[in-house]
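Same chain, two partners: chain A is paired with chain B first, then with chain C.
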Partner chain A sequence: MELNTKFMIETFFDALAGIPVTLKLTLITLLVSAPIAFFMALGKIEKRKIAGKLISGYVSFIRGTPVVLQILFLYSLLPTLLNYLVKDVLGLSFNVFQLDTILYAYIVFVLNTTAVLSEVFRSALLTVGHGQMETALTIGMTKRQAYIRIIIPQAVVSALPNICNATIGLLKSTSLAFMMSVQDVTAIAKVKAAYGYNYIEAYLDICFVYIVLCSAIQLVFKLIERYACAYKKSSRTKGGALYARNKEYI
Partner chain B sequence: MLEIKNIYKAFGNNEVLKGVSLKVEKGDVVVILGPSGSGKTTLLRSIDFLEKADAGEIIFDDIHAEFARISKKTISQIRKKTAFVFQNYNLFHNKTALQNVTEGLIIARKLPKEKAIEIGKRALDKVGLSERYDYYPSQLSGGQQQRVGIARAIAVNPDIILFDEPTSALDPELIGEVLGVMKELAKEGTTMIVVTHEMHFAQDVANRVVFMDGGRVVEEGTPDEMFSRPKEERTRQFLRRILPDFDYVI
Partner chain C sequence: MRSFHPSYILEVLIQLLPFLWVTVAMVIGTVFFGGAVGILLAAAKVRKGRITRLLANIYIYITRCIPSVIMLFIVYYGLPELLLGFGIDINHVGKGFFVITTFSILFAANMAEVFRSAYEAVDKGQKEAAASIGMTSWQTFYRILLPQCTVVALPNFANALVNLMKEGSLAYTIGLIDIMGKGQLLIGMNHGSYALETYLALTILYWVLTFVVEKSFGVLEKHLSKGKKALSQA
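Take a look at the complex of A and B:
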């Protein structure tokens, strides 16, 4: 078997045109999911009974079903459902089937990323330890002030590696958007490949684009971490901060 | 100045405080002794409302309240009059030594920043940390961290400071520096309640010693009475175990 290098190079540059869509899917999903996930994590930690149950149910449902399945479900169910809502319930003449399908992609990815991030935030908030919250209360701060000034800044720092993982996971799963006819990197390359059955070349191209994107994300997070960890950077001993942090569990 | 009457607290079925009463006058240094699990920590935490006591009264100067029906406003009033020093320091990891001390002043007490920094530096000077203003907790030894904890407590100029085993997480060679600071505070007339296993501190610094066991106050008196002529057999047993050369006058 021989690779069609000319096709491969051409398709590579064509696929690059899909990067903005891929990045847009990733970024907007993150921006929408993160705040929702944060309040879900908080709701669970502050032991809001009913809310906590609902959130747990939601998280296990999302985590217990394959993304592909969620896409298949939503993509075949949601348009019809929306159409029914708009036409029969609201009585509008708006054509739901004209909506950009990227909307469905956003819905699926937001649902997933929110579930993932809510767990990430929850465990991050827990690593800060209850002791610092108590201290804040004894010196007269309100719970809200303690969260904003003490707990959250530390939680965000300790969550960074997991947020990075979640972002990379999300970016990779956006490749499934082709199932909803969204023209991202994967979709563009696949369409090209279909003309002359050059699938292997196209897949290698896709592979390469994602590797570059994921490496870039890791780099960005490394830089953020370096900046955000100023308060742990110059520990007296190696791993000193980590030790101090874990101590609260003893 | 501070009086606790008949405080009760249970965790589920486990009754931890079974009607403890305690009276503290201005300038008193009250040391609470007792075996592990006797409810010492729970008592201190209840006074600062870190635990919600089930019954009992608290009288603090002109504030008179019942634990079971206490308002947020009263809690915040009493917290403003008290400070808490924790066994495991509980410093804010994302703040420097100085910020740890000034945080409560600026955020909770709304002092202007310059004023807070001035007070904060004075408090840190007092505990011998003039060289460590800008160090993060992870860069400080346990003894230094606990001294920051004490500086944070004295900075808010509380009427009373509650110490929960402030030296028991420290290496033996670091205990002295913390006890030294506490002795200094006692000499200046600071009112304190100290839970500790440091018998020398109790003997030298306390003007009252309270012995707790099984959620009750078994016996209380001056250090002299308690260490040389304890009346109760349980007190003697405890002292014999903890002071190998304990020898009481019958």
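Take a look at the complex of A and C:
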């Protein structure tokens, strides 16, 4: 098997041009879905009956169906639906089909990530002991204050590894955006490959790009974790020492 | 806008059902091969050997970073060429082979982490206690550690299984005719109409599959953790 290394190196640098789109998709999706997911998690924890049921149904639906299917489904439904809404309901002469398709990519990934993150946030909020909330309430904090000052800073710490996982999952699933003709890393490399059937080289390039991106994300999260865990430092080193001793003993 | 035909969803469902076995066979094949590699990787991670642990870590790190659709294409286009270099011709092998290979590679990394965390979750005292009553290390593993690990690993395993099933739907991109592939074929045969109904039928099918997997694993977990309850009550 011979790899066309010249093509591979050229395409690698071409594919780099798609990184901003991939990162933009990941970041904006995260920023949009995090607040929604947080309130969904709260709704489930605070035992709002109807809202809780709805949220459970939504999460189960999103987690029960493949991302590809969601992409295909929404990509075949949304443009016509939007067109119908704009033309027939609102009566505007705006052409929906001229919209950048990245918009649909955002919608799909936000729907998806919201479900994933809401579970992450819910489990993180549950790890904070019940007593914390009660203590905050007894010293006269409102529920809102208790959440912002007491619960969330603690929950963030336990949520971070899972948020990191969710981010990586999201980054990987953005590679499917080429189905919606979004010009991300995958799409650019695929187009380049189609000229001379150099598919394997192009896909290896994409692999490298994703490995670099994932490593960067993991690094960023490590730094954030170090910052967010600052208050735990003393106890953590103690735990670490204990762990090391245990290991030696075994 | 063309009107929506709910009755067509049922019609599509009936046409999709015969292809369910392809999806299920893909999942079972992947669990078998991926699970086997996963056990080896997990063993490499918990054992003392430095080099094997490093290799296992590198493998897990890299496969974790690669989107499954890209992995699928690499295996589909790259593996025949690579093996041809060794004089093995697999160009006539069915597409299922490539799909199972790809997802086994990815699934193995997941499984390695699931098995490792389950193994480490069992208290070290159990191992020592077993050794102190004279069990060999194989007996300890088989009679003491394995039953306890299984309970711990089950929820994560169910999660990985559901993810595998969902990602398996990507196999249609290389032309495997599972339920997703058949759905796409149906849309093609209808010249792109009834796409919405077909996708809805697929969505229902996947949702039901996920539901069944999650529920049955829940039941299994309850059944297997019986011993655990008795222990804590004593």
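The rule is short, and it goes like this: the second predicted complex is superposed on the first by the 235 of 250 C-alpha atoms of A that agree within 3 Å, B and C clash if a C-alpha of one lies under 4 Å from a C-alpha of the other, contacts with A are read in each partner's own complex, and residues count from 1 in each chain.
By our rule, a contact is a pair of C-beta atoms (placed from the backbone, for glycine too) under 8 Å apart; a residue touches a chain by one contact, two chains touch by 3 or more.
Fair warning: this is a prediction, and the values are worked out from it, not measured in the lab.
When the two complexes are overlaid on their common chain A, residue A:145 makes contact with chain B while staying clear of chain C.
By the touch criterion defined above, A:200 lies against chain C but remains apart from chain B after alignment on the C-alpha atoms of chain A. Shared-chain residue A:168: touches chain C; no touch with chain B. Applying the stated contact rule after C-alpha superposition, one finds that A:47 touches neither chain B nor chain C. For chain A in complex with chain C, the touching residues are 1, 60-61, 63-69, 72-73, 76-77, 80, 83-84, 168, 172-173, 175-176, 186, 199-200, 203-204, 206-207, 210-211, 213-215, 246, 250. If you check the complex, the residues on chain A that touch chain B are 128, 131-132, 134-142, 145, 149-150, 153-154, 157, 231-232, 234-236, 240-241, 244-245, 247-248.
Looking at the complex, you find that chain B touches chain A at residues 48-50, 76, 79-80, 82-84, 86, 88, 90-95, 103-104, 107-109, 136-141, 152, 156. On the side of chain C, the complex with chain A involves touching residues 1, 62, 64-71, 73-74, 77-78, 81-82, 84-85, 124, 162, 166-170, 172, 180, 195-196, 199-200, 202-203, 206-207, 209-211.
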